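Paired with subunit B in one complex and with subunit C in the other, subunit A is shared by the two complexes that follow.
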Partner chain A sequence: MIYSENKCPEYNNRMKTISTLVNRVKSEAAIGTIKKRNLVWLETNGCSGNIISLLDGADPDFQFLITQMTYFIYNNSLSTAQGNQAIKQLFSVLGQDYILAVEGAISTKDNGAYNIIGRLNGKLITGLDAVKTLGEGAAYVIAVGACASHGGVSAARPNPTECVSVESVLNRKVINLPGCPCHPDWFTGTLAHILLYGEPPLDSRNRPLMFYNITIHDRCERRSYFDQGIFAEKLGDKTCMFKIGCRGPITRIDCPVRQWNERVSWPVENDSPCIGCAQFGFPDAMEPFISYGIT
Partner chain B sequence: MPERITINPVTRISGFMEIQADIENNIIIDAKTKGIMFRGFEKMLMGRNPFDAVYFTERICGICSTAHAMASTIALENVMGIVPSEQGRYLRDIVHGCEFLQNHLRHFFQFTIPDFVKMPEEYPLFKSDERDFRLPKEKNDRMVKDYFDSLEYSRNAHQMLAILGGKAPHNHGIFIGGITTQATADMIISILSILTGIGNFIEERMIPDIYEIGDYYPEYYKIGGGYGNLLSYGCFDNYLSLGTLYVDPLVYTNNTTTLFNPNNITQEVDYSYFKDNVNNEYQETDILKEKAYSFIKAPRYNNIPYEVGPLARQWLSGEYRNGISTMDRLIARVLEAKKIVSVMKILLQNLIPGTDVQKVYEIPKAGAGKGLIDTTRGALGHWITIKDSKILLYQIITPSAWNLSSQSVDNMKGTAEQTLIGTPVKDTTAPAEIVRTIRSFDPCVSCATHVYTRGNLVYSKQFI
Partner chain C sequence: MNDINSLGYFFEYLIKDIKNDMDKLYSSTCKNKGQVMDHLKDRITMLENFVKSINNNYYFQVQAIPQPNKVAIFPQGKVVARNNNNNNKTFTVDELAEFNGRNGNPAYVAVNGVVYDVTNNPTWAAATHFSLSAGNDLTSEFAACHAGEPILNKLAVVGNLNKVV
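Showing the complex of A and B:
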């Protein structure tokens, strides 16, 4: 199920965006015209699903990311160091050039007490502390996934730990990569663009246009069924799932083209509706995810 | 005077955790495992559409989301009186098997290997003060290579999952009745092909690596045993025509194996950051509670703590009974990966291509149900009550809540805490023994600490 050349030039260009950027990074890194930059991947109040998704990236893979593209400084799920040494390593970038990626929402209730990320010389550090400390001095801040971009599931009603987005606790621009989780290409492509050319072109909510400029509905492989009014009645049907709850028409992201896990499938191909996980407001604004008999 | 060691964060786990250990004469005399994050999923779920629980509860955990999809689906089927078809069970169990493989590969290579293998420090991610590395250079280098080579295979495990589940993490496939799509012949062949590659990697690299590590760190066969109480809800079990392919719901304590009875589960909060549940009403958080030290509660079976996970399953199914220790726990996980490959192959061979297991389902107006299933890290339970076609109560007890449970009121330590007590620590400035033992449980704190219990589905005991 390897991606093959599609006749549509737009599809081909979209698919090649990442490999073009990454190949450019490879060749420029080899001749020294661009340099590796420090990258911190901070986990806050979330599920750690975005770092797991990043490990699913294939071209480039995680090994290329940490050896050729960046000095990968810290991540709670992967760092060899632990305890005080790990937190020292996390904050070692202060005063230097670094890019900060954050996954997870920022819990603000009781000054962040519901999300402790470690201790520095005995003192408890909350996710809120860490994002504020590292956020202001970073060259770029990237909110990876739904929770970091807009609170996501961590902020679902009644939002028990008062979770908010990364940008709402910082006085600066944050590049948002909503999605539950973030596709590895969306992150790696954004990072490659930063290394080569700086900030990628963004929409009004600071999402990179190269990924978020179309809706799922725009490019859905089942669009012709919608246009002809042929609708699925249940999961597993092969027609348009608008009437069992598909959020494709309001979800801006390129899943129909890019697909998931080295392009083997995506939710609609899997006969299940889009639940709007890459759109602001997920999950509360996207529910019910599945309903039957909508007329 | 005992010396107190605090390790926070414990990296290379999912979520955030602190360990506190009191050491006297180089022996651990007391230990606390503390879950230090909280989101409140059970509270969020109240009032939602019951069908949404499947995709919603997946978001509890980025590494084991399929586990939650399984438990919530089984709980919904239980409320609705739906018995899934055998084809439906095969399909979703194959998806679940993909997650086992992704988890075990990542846990062994990305989380465990850096505990025993010196990683290349020219990369900042691998910088460490740890000193107790014993492998000769040639073997060390080989395992560093395996760390990186494994990325392809864990990625492929998620790719198999996405073939039937649409995407991973947080798949769309598992739902009431089985999975959403139909497995066509080409999908089955693709999965079988990827699975064969993963199986070869497990047999040629992963299994030799763990036994080699065991040879150089032999004392880890002697420490980290703990209570030796083992529990499984069963998985890949009780198929109509295939029987049990892996493990039945069983409990082991005092050298005796008995059938598991779900009515014997209780959960306590005496040392957790929750208000006392005098009236069996909401348990709101209370971060100022004096004796509390963790967001993780204390699940108990017949009032005692149990270990869950690969070692429990390998032991209960009779596949591996070498011992109960830190190293045996790591070996059991690796051997289980091989077992899962063989189970998945049987299920794939029994699929009828193109079977549609989906129907139009009606949300029940009221009812209660439970979904208990063994998942990567062990026994996972979801309990749901529906009223007026909405979720009234939702309760979750995760495998890591069993393993990392807090103390109970009778001063019985949690399972992992007990495994640390009595452990000799050679170097209190770099207490490798503590983190190696804790990581052998594959802790997932994002899962363990989502709680907000209400009601008496699984009641919380209080002693006032």
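Showing the complex of A and C:
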């Protein structure tokens, strides 16, 4: 694992969550007690940021995920097939066992006409069509990122294409992994848990507790400054950024421990306040991102 | 401890802290100058806010003052602006609007006719909370999101809201 041992046992345990699960997947797969499952990663109304984030994953990396954990059936950005052939590949899983991951919100205005993901035998396929068709038959549906989980940036005011979350258009449970983007570990860990044990324990908004059970503020490296009332007045100050608008206290996720880009850093360490990208309602409800002159 | 004594201890600790920080900065062995300067700046800001608030004609209550003989690395003296009768002030809607957490004013919100101080509440960063701003009557918003949750009793009451002027 690429992480340094911390003196805090809780930090160490959190950092080992993914490796523990993935190593278990490896050993169980080797003796045939678990099998790889079909994975469809569908992009709807979004920016493809979550698949890009997943490609940045490490320990395990993306290659491990698509070779050892899953049969990676389809992704809009990574598919080598094109046109009709690609869409046929997408729907080829219908009737089989598969896990559906969706990134992007679901555009609903004019029956989803503003988010066309492809064409099948001449007929335009909307993101709404694809999610409804694939969502009902999937063993699990995972909403990856802010847009899929609650509308996110795609549903920000004035929300011209009337974007909504994945669970809003399906009559079934959806596991939500909010974040802009979703951390590779949050997805891979959730997938590993599904392969080994089924659905992971979830909170009241269907977020996996193993990642979303603490707030940024709970584990922030600058927490002591908050407790002592020592606040940054501007970006670059090395103290608590509460007075300039940090949303860490209302954002449930483990960024301070897990960190980003192969676990080397995270926003607060780089003097940027948390903007609440993993909180429901982001971005509108998390604004303003920066404020000055606060008492 | 009455308010005068509290203020006395508060200033004593502030000044002691400032002197300590200056001594550390003069010392050639000080290895964490940035942190010490941050601390010094914070203490000066506390004094500054106090003076600003005096100009706004508010009395003060000092919270969480360390005991005189207790060693505190970061004394937690915080000055919070209060009305002059603790929590019995009546605010009009216009008066409440001034307490928006900006320009030296604390951040107050009203729920069900009671005015609460959210200046240093962690969920109210920059005097805002899920697109809501301090200085407003948020009764309906509170009912929509937090009905039945026992969270208001964690906030300091600073008065009542009189909607009829």
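FYI, the second predicted complex is superposed on the first by the 293 of 295 C-alpha atoms of A that agree within 3 Å, B and C clash if a C-alpha of one lies under 4 Å from a C-alpha of the other, contacts with A are read in each partner's own complex, and residues count from 1 in each chain.
By our rule, contacts are C-beta pairs under 8 Å (C-beta built on N, C-alpha and C of every residue); 3 or more make two chains touch, one makes a residue touch a chain.
Bear in mind the structure is a predicted one, so any value in this text is a computation, not a measurement.
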item: Partner chain in contact with A:A113 - subunit B first, subunit C second, else both or neither; value: first
item: Subunit B versus subunit C as contact partner of A:K35, first or second or both or neither; value: neither
item: Superposition-derived comparison: subunit B or subunit C, residues of subunit A touched; value: B
item: First (subunit B), second (subunit C), both or neither touched by A:K173; value: neither
item: Partner chain(s) touched by A:Q82 [first = subunit B, second = subunit C, both, neither]; value: first
item: Contacts of A:C246 with subunit B and subunit C, given as first, second, both or neither; value: second
item: Subunit B versus subunit C as contact partner of A:G229, first or second or both or neither; value: second
item: Partner chain in contact with A:H217 - subunit B first, subunit C second, else both or neither; value: second
item: First, second, both or neither for A:S291, with subunit B first and subunit C second; value: both
item: Doubly contacted residues of subunit A, that is, touched by subunit B and again by subunit C; value: 233, 237, 287-288, 291, 293
item: Subunit A residues within the subunit B interface of the complex; value: 1, 43, 45-53, 55-58, 61-63, 66-67, 71-83, 85-87, 89, 107, 110, 113-119, 122, 124, 152-154, 156-158, 160-161, 163, 180-181, 233-237, 260-262, 264-272, 275, 277, 283, 287-293
item: Interfacial residue positions of subunit C with respect to subunit A in the complex; value: 34-35, 38-39, 42, 45-46, 49, 74, 76, 78, 101-107, 119-120, 122-123, 125-131
item: Contacting residues of subunit B [partner subunit A, same complex]; value: 6-16, 18, 36-40, 43-44, 48-49, 51-52, 55-56, 59-63, 65, 106, 110-111, 114, 119, 123-130, 148, 151-152, 154-155, 158-159, 161-170, 172-173, 175, 180-182, 190, 285, 287, 295, 356-362, 435, 446, 452
item: Residues of subunit A that touch subunit C when the two form their complex; value: 217, 224-231, 233, 237-239, 242-250, 273, 281, 284-288, 291, 293-295
